[in-house]
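In structure tokens below, several structures.
Two complexes follow with subunit A in common, the first pairing it with subunit B and the second with subunit C.
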Partner chain A sequence: MKKILIVDDATTVRMYHRQLMESLGYHVEEAGNGVEALEKASQDTYDLFLVDINMPKMDGYTFIEEIRKTPAVKATPAIMISTEETESDRDKAYEAGANFYFIKPVRMEAIQTFTKLLTGGAE
Partner chain B sequence: MNPMLESFISESRDNLEEASQCFLSLEQSPNDPTVMQNLFRAMHTIKGSSGLFELGAFTHLMHVAEDVLDLARAGKIQLNSDHIDVLLSAMDQITDWIDELEATGELNTDADNKAQPHILALSEMIPVEHKEECDELSLATKSHQTTHRLGYSEIESSLGCLSDQQRFDIFQNADQLTFLRYTPQESCFFTGDDPLHTARLTPSCQHLRIVPVAKWPTIDSLDPYQCQLSFDVISSADEETLIDHYRYVEDDIKLCPLDMCWLAFPQGQWSDDQSLFSDVLPELKTHIDKESWHNIPNLIAPILELANPSVYQISCMRWIKAIAEKEVLEKPLIEALFTAIETGEFDYSLKSEVNSDSTESHQTDADTTTTDTGPQEEYLSNDVKTLLATQARMLEFSNSDDLEGRVDSVERIFNHALPEEFIPNNLLDVCQQAKQEQSANPLIILIRSLLDSTSPLETNSLESTENDAEETLDIATLVRQEQALRAHESEAAADESALDQTSLISPAPSPIDLQQPISDRDSTSELARTDLSSTQPVAKEPVHNQKPQVLKVDQHRIDILMDLVGELVVAKNSLPYLAKKAEDEFNVRALAKEIKSQYAIINRLAESMQSTMMQIRMVPVSTIFQRFPRLVRDLSRKLNKDVRLVLEGEESEADKNVVENLADPLIHLVRNSLDHGFETEEERVALGKPAQGSLYLRAIPKDDQVIIEVDDDGRGMDPAKLKQSAYRKGIISEQKLETITDQEALYLIFAPGFSTAEQVSDLSGRGVGMDVVNGLVQQAGGRVTIDSELGKGTTIRLYLPLTMAVSRVMMVEVQQQCFGISMENIVETVKVPHDRLLRIKQGEAIVLRDKVIPVLSLHSLLALPETQFEEEVPLLIMNLNGEDIALKIDLFHEGIDIVQKPLAGLMSQYNYYSGSALLGDGRVLLILNIKELLSCQ
Partner chain C sequence: MVLKKAATVATATTSEKSAYGLQDWLRLIDSTSPEDRRLAARALAEFPVSAPALLNTLARESNIRVKGAILVSLQCIGGHRVLEGLLPFLRSDNAALRNGVIEILQGMPNEIGDYINDLLHDQDSDVRIFAIDILQTLAHPDSPTWLLDVILHDKHVNVVATAIDRLTEIGTPEMLPAMKSVLARFPNEPYIEFIVNLAIKRLSED
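Showing the complex of A and B:
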């Protein structure tokens, strides 16, 4: 079973994403901020990171930047999830090294399609 | 309630709390970047999460507030106290909404109206030159935002009421249409509105229909002065013009653009006689297939002239002709009409809803749905292209640090996302090359060439796929896709596909879902699933996670557990009795010994259970202290007194109930202090005091109590004034006026009906006086003391027990009856020779350490026969409201911990008992309320 790490400081959003992802057959773990997420990522292998931007301690940009520089996890795809819809916000995510960008609240169909593509399916 | 909504509510409360604290500290230090950052994050989280629940007004208001903060964070607005007032009041509105959500699960319908003044006030804070920087969504299109939108489903029935001919006329007369529903308020006649007039003057009105809002009431209950009508208007004017026309009643209108295609559906009597038009059908089909629209009108016109217009098939044809003439060219629509001629079934309404925007999104539909069965044979799906284009963009940002990571992740995505035959043979080499050259270019070029070669229809692949990406992510499209999928599924007789199940989980995929709770759809499996997923975070948490885990539990359950533990503590006390019985009555010494040793173990367990239980219920007093910075700030601004609030010891803990009961008395004390205690700034300066007043709120843990101090350096209380005032109000007699000490005079403020305020202000002195404070504190098992020095300030101390659940009482005996007296008021116990009791007038007194203390007899208070003491008299010295009294009793027993239960039934009216408790041997102990007893004297 593929593993997804949801990184978001809002419990509600984590709960929402967890339900989405689990319904798609993924194993889900959660982290409340970038620091916690890095720690988890160093202890376990994940197939995808779902990352919020605004978080305490370490924000989503920094987290993804760190991921890309850390040999063990650098190749793991990351999706950035944000409330902003402008081109420059998208570019900021790509600049940090995110492989895809979603606008909150993400919808079933979109996330289903793209997580499948990014992870090669849940199995 | 939906567990997600529950989580949202509790999380938002925390964030609101944090936000309001940040606002207050911002006022002190406006440029503190950490505070700003925390504030922004708290607000952002609330906004972001609220997006999950389709709370339009809520999200909108948060959005505007966030915009303002964003500008402030960037230094484009300097926040002053007035700004913070506005922001705080907006947050109050959000808090109200959270309460609403908690109570009802949804926002009231007036949410938009409530949000409006806040949004206006907030947007006024934004300087003109920054206006456009803020999101269009929240500010620029204010009028559009507040205008309610209609969905197709809402206007469908209205369209159905139009005759074929009417729709046909409208269709031919106009190129663009707007549907508007105007529902005047019932009381509109009294506000000078003339709804009919307004509706009839609608610009470019094509059709006006008047319908009653509800079923007409019977004639005797009909109120003709209330407007019961709603107006459905179809106009060919654009939305701007319409909104402008209805600007005075903007809240009462809803509108939506009316797709021309929505008008086109056939009506009429199905005719079995196909002979009239069966000749033209093949030719018509050819034209449709070839899309040679201009030939259609000439082909159909002769038939239309001959045939009966009320025939269903003719209606279809007429529409085909009209659509062909008009260049609205919706091929699926014409095809649907054509099918209708043959089969009598017009199957378009759903589709038109699905792709009301354009045929392009229809294509996206097809692609998204086919990704499940794998990408199409010849070309990569749009989704994959989107993904690849995104990767190219991402790679463009590479730098030497993270290049390898980026390239590796893209390589992995290639392998995941692309069907095998599409993975370029040279992928590995290109990735290697990129890493060696320290440049992502080779990989970017590879991606571009892949996109070009697989999208022969598109000229500029990168740009168009980027657009695609936006389209795929467009929420509206996705919702439609989902609806289409669902409709599709239900047609396919609801087979248990994974898709169907998953779409059930998504909490708010469409407006329909909101009205219908998710669990209603498939209650058993859905409930099980929700249950499962809500417990999973706990169950699946890996063992190595050292983070302290917090469990939120309903307080009610804790209370039950607490009661049970309390009863256990009492029940275990029966074991020593049992041991004694075994020894004395049954002469089984060994058993008695065993019971005793077992008792020791149970006792230890019960006690540690009790203390753990207490700790669970302990909360820091900061939970209520946090409210005060805001309160003091608002009040001092209102009263124009400069007061600094200092919180101390807020980490001290006490039982949750105690802390909660503390809130109201404290608010009252702080209000009093600000209103009456502090002088105005000028007065203070004249008195030589610092211009800024200081108010200290301290929590001091002491033994098994916590002392809360409200300490101000204001004008203090004047005992002489208090005495006079109390005398005037008949609270004390003339005799007492002379004898009362200054210290005692201070306690006069606790007397019911006492208020020193010359004028009742709107802050305090609303008839709820210090007596209520005193009552509340006593109810929580505490007491209040006052220290005040004229001109220097006042200190009011609340002594509160750490817990209310178990209280300590002293058992006393009077005439062979046992009673409990709360330890809180007991100062000491003494035994004095009976000749030391002095007789003064009717009463008795005793001189104890040079102090005269009146002696009362509990016997007489309880109407029991007096005991004649031969030698020593046991006395209980108590302190009530700062006054000492001695209580004569027969015997002291031990002090015990009890779980006090209020008296029930008939007994509950005797308020000189504060409650009852069960003793270890099964007896019931009545607890006396000495204060009440004294007042009955």
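Showing the complex of A and C:
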């Protein structure tokens, strides 16, 4: 079973995305900020990161920049999900190394489609 | 008395550093050495008059450790002047800086209360979300009332969703009708439906 790490400081957002991903058959783990997520990423292998931008301790851009510099996880796909709506936010996400950028609230079908696309399915 | 200063603060002895005064630290906050700037930022916490200089430096500083030292010193200095100087950074393009400022503002409950209502009615929906983020750990008695007003009147789905997220923790059963009204205001929004139902469940258990 493939594994997804959800990185968001809002508990309800993590719960919502967990429900979506588990309904597709993925195993899900959670982190409340970029620092916690980096620690988890250094200890375990994930097939996808779902990352918020604004978080305490370490923001989502920095987290993705860090994983792109780390050989063991640099190829792991990352979807950034945020309330930030401007083109520059989207550009910064892609410059940091995100594979896709979604604006909240994300349509269920969209996030599920791109998750399958990036991971090749849950199994 | 003219004191001989080390080439950089980082290489100065403790007695040399103790001879540094406000003007020395204000000069060093513009040093080309990030370590000197960090040490200067830390030292300037002892000089409230340096707040404008720290805020100016924060706007142009690129080193994350220096930025962190400046924010901590500004928090130590505190007061309305510092808070008013920090608020514009909520509109910064730099996410790390924005989030650092939010964390500092969360630690200024006595001062931020006078400004939060304006922030919650800002034209920029992101600023309104950051205002709710500030309320996340701010122990202010008016927080539930402010958030209730947001879920009843704000038109932006993400602002309302963020407010509901906070109210699942600090809301009261009296807010249940307001929660239910959000479902009618934002039909066909699965995330709103999810968090409202979660909030209703939690508040009903209280």
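One rule holds in what follows: the second predicted complex is superposed on the first by the 123 of 123 C-alpha atoms of A that agree within 3 Å, B and C clash if a C-alpha of one lies under 4 Å from a C-alpha of the other, contacts with A are read in each partner's own complex, and residues count from 1 in each chain.
In this text, a contact is a pair of C-beta atoms (placed from the backbone, for glycine too) under 8 Å apart; a residue touches a chain by one contact, two chains touch by 3 or more.
The model shown is predicted, which means the values in this text are computed figures rather than measured ones.
*Asks:* Label the relationship between subunit B and subunit C on subunit A in the superposed model as either fit or clash.
*Replies:* In the superposition, subunit B runs into subunit C.
*Asks:* Just to be sure I read the superposition right, which of the two partners does A:Gln19 touch: subunit B = first, subunit C = second, or both, or neither?
*Replies:* After superposing on A, A:Gln19 lies in contact with both subunit B and subunit C.
*Asks:* Quick check for you: in the superposed arrangement, does A:Tyr61 touch first (subunit B), second (subunit C), both or neither?
*Replies:* The answer is second: A:Tyr61 touches subunit C but not subunit B.
*Asks:* Is A:Pro105 touching the first partner subunit B, the second partner subunit C, both, or neither of them?
*Replies:* Both partners.
*Asks:* Is A:Glu95 contacted by the first partner subunit B, the second partner subunit C, both or neither?
*Replies:* The first partner, subunit B, only.
*Asks:* In this superposed model, does subunit C or subunit B come into contact with more residues of subunit A?
*Replies:* Between subunit B and subunit C, B touches the greater number of residues in subunit A.
*Asks:* Scan A:Pro77 for contacts with subunit B and subunit C and give back first, second, both or neither.
*Replies:* The first partner, subunit B, only.
*Asks:* In the combined picture, which part of subunit C sits where subunit B already is, 26-34, 44-52, 62-70 or 152-160?
*Replies:* Clashes with subunit B appear only in stretch 152-160.
*Asks:* Can you list the residues of subunit A that meet both subunit B and subunit C?
*Replies:* 10-13, 15-16, 19, 54-56, 83, 104-105, 108
*Asks:* Under the stated contact criterion, what part of subunit A meets subunit B in this complex?
*Replies:* Its residues touching subunit B are 9-13, 15-16, 18-20, 22-25, 29-30, 36, 43-44, 52, 54-56, 65, 67-70, 74-78, 83, 91, 94-95, 97-105, 107-110, 112-114, 116-121.
*Asks:* Touching residues of subunit C toward subunit A in the complex: what are they?
*Replies:* Going through subunit C, the ones touching subunit A are 93, 95-96, 98-99, 102-103, 125-126, 129-130, 133, 157-158, 161-162, 164-165, 168, 189-192, 194-195, 198.
*Asks:* Quick one: which bits of subunit B touch subunit A in the complex? Just the residue numbers, please.
*Replies:* It is residues 3-4, 7-8, 11, 38, 40-41, 44-45, 47-49, 51-52, 368, 371, 383-384, 387, 390-391, 393-394, 396-397, 401-402, 404-406, 408-413, 415-417, 472-473, 475, 478-479, 481-482, 485, 498, 501-503, 505-509, 533-534, 536-537, 540, 542, 544, 547 of subunit B that touch subunit A.
*Asks:* Once bound in the complex, which stretches of subunit A touch subunit C?
*Replies:* 10-13, 15-16, 19, 53-56, 58-62, 83-85, 88, 92, 104-106, 108
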